[in-house]
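The structure under discussion is supplied below as structure tokens; questions concerning it will follow.
When the chains are written out, they are named A, B and C in that same order, and each has its own residue count from 1.
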């Protein structure tokens, strides 16, 4: 799965978000966001609890509809952007079937032919180190292995954008490292990575650029080095040094 | 109290000698109830899942009805089916009254709400767990329906067993539409009712013991099967 | 293959096997029924419970190859089944209903078959002091006067209708007493006898059911032999002109046999403890 497979379909990036808001009742959980996501840099979204990071991912991915504003993908009318994305959640959600069957399920949804599915499943399980577990029931795997499986499943879809919502928050350091390695491999094969995290060290390791959210607003956007070494905003400075507690 | 002793003695001797009358009645009982369960399951699983997953006007009412009909009185179902299948009724030309087919139909109607209502609950709970990931993968409710039914198979199996329990235990419906005809539509429950009406309480109780043992056996075997399968799939 | 994989395959094979079995059972049932020659006879629970059918029907089937399927319900329901055309032959014991059945065109002809009689049973202690009486109307008067418990079938059956008729002759309004000493069970003969035995109540029963009844408690026969207690049976073919699907020839074969010398002797041959339950009286 190299970059050439991806360029067969028209690119859906850049994603343009304009004045997007999301309100539940009277509360504005996402407040008037405007930004563009380009193909290439690994984008990490950080911010304190309740900043709206998870909401933002879901709004961009299409799981939620904004209350106002627009989310626009490139690529024109001929392509369905939903089919070119995948998402990995903090807690992996696996069906009660085998490891291989879970990946196969996702591919079958895209109406991919059976023999092609078989090959891709084998490929992707090998790349994530899960090939020995292929026939094991997915839900008896450890949390770390299930998260690797979630990544394998997403990777099999050859997405142009991979959204990750705190993928290692529930994992131990060893599993975290394994997951980060896979994320980088997926990126290397041409997928745009957009990830939220609480782990600032991870943000530094994995990110190329930072989007800093606080209370639903975009406070700062900068390259990783710039954000952590020379934050422009008071809030960013406080957060980067661990002083923001809410 | 002597009736209980006599009952167990009767039950034991009937089983030990493989009394042909008993075998005939038990075979028919199992065929009727198992077929009814099969038919009801084929209808209820997709029905319950559809009600769980799709939003449509009047959905709340359907859910309430399904739940309420779990307690349909068998004799009322039997009466309604009888009126339909009677020669003067709309389906009289089929000539199905007083046949095992009528009994199967009545029992299938009786247990469909049970299996459907339980399926709805199981699928609804599963969808709550899965919907985000499924929608992310591009599967809306329609695409997810069969996957959810398969995923919930262990809980759904219990729902099917509940249906079987209800079918094999009821007497009102099969009595009405079957007529309790000797060698044709006489099943365990109607035989018990008949023996009670003849005053042969010991035999009736003995048959009751056999019926309960059968029910426990079938349910127990199904449970063991489910557990062994489930253990390999974990939660 | 690993252990678990073998287990999965086994379970899947089991599920397929079970489904196949169920389908085979379901379809296996239909053709079997279609091949036999059979008629449906609507009769009463008391006739069924007396055991008569278990005795005479195998004899008939052996002779003619015709299976007789008896649906045994209360007289009222049996007649309704006949009026709906859900049975081919009707065998009941309530002359007024039978005559009406013919008069309304549901059958062309009523044949006499046999008669048995009713008896009054009651607790051995006999609180109403009716033991040995031959006059049933007088006995009922005494029972009402003593307010001893009396269990009635109250289910519109032939037995029930006879009972009500006797109360009428005794000029006693039992409806007014319902729930006190007069207990309406709304059930078949056997169930009512069960209730009477448990309550130590008097009740009216057909001799056939009584002779085969096993749960007597303290009940014994207290009044019998009154001609008013005779219980004649009639058999009728459901009118094929009204219901073309009725198995007229097979049904008539059954009727012809029952009223023939052979059938009548068979009926008389049915005995419990050496006693004939039914007296054949076909003309």
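Note that a contact is a pair of C-beta atoms (placed from the backbone, for glycine too) under 8 Å apart; a residue touches a chain by one contact, two chains touch by 3 or more.
What you see is a predicted model, and the numbers here were worked out from it, not measured in a lab.
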| note | Chain centres computed over CA atoms; the one at greatest distance from subunit B is chain A
| In terms of CA centres, which chain lies closest to the overall middle? | B
| Between subunit A and subunit C, what is the gap in Å from one C-alpha centre to the other? | 77
| field | Inter-chain centre distance, subunit B versus subunit C - centres from mean C-alpha coordinates, in Å | value | 30
| note | Expressed in whole Å, how far the mean CA point of subunit A lies from that of subunit B is 47
| Touching two or more other chains, which residues of subunit B qualify? | 232
| query | What are the residues of subunit C that contact at least two other chains? | reply | 4
| note | The positions of subunit A in contact with two or more other chains are 137
| query | Which of the residues in subunit C come into contact with subunit B in the complex? | reply | 4, 7-8, 11, 14, 19, 22-23, 25-26, 28-30, 33, 40, 45, 48-49, 53-54, 67, 69-73, 84-86, 187-191, 193-194, 209, 212-216, 243, 245
| request: Using the touch rule from the top, collect the residues of subunit B that touch subunit C in their complex. | output: 31, 34-35, 38-39, 86-89, 92, 95, 97-101, 104, 179-184, 194, 196-201, 225, 228-229, 232
| Touching residues (chain side subunit B, partner subunit A) in the complex | 129-130, 132-133, 135-139, 143, 147, 150-151, 153-154, 232-235
| For the subunit A and subunit B complex, residues of the former touching the latter | 58, 61, 63, 82-83, 85-87, 89, 93, 95-97, 105-106, 109-110, 137, 139-140, 153, 157
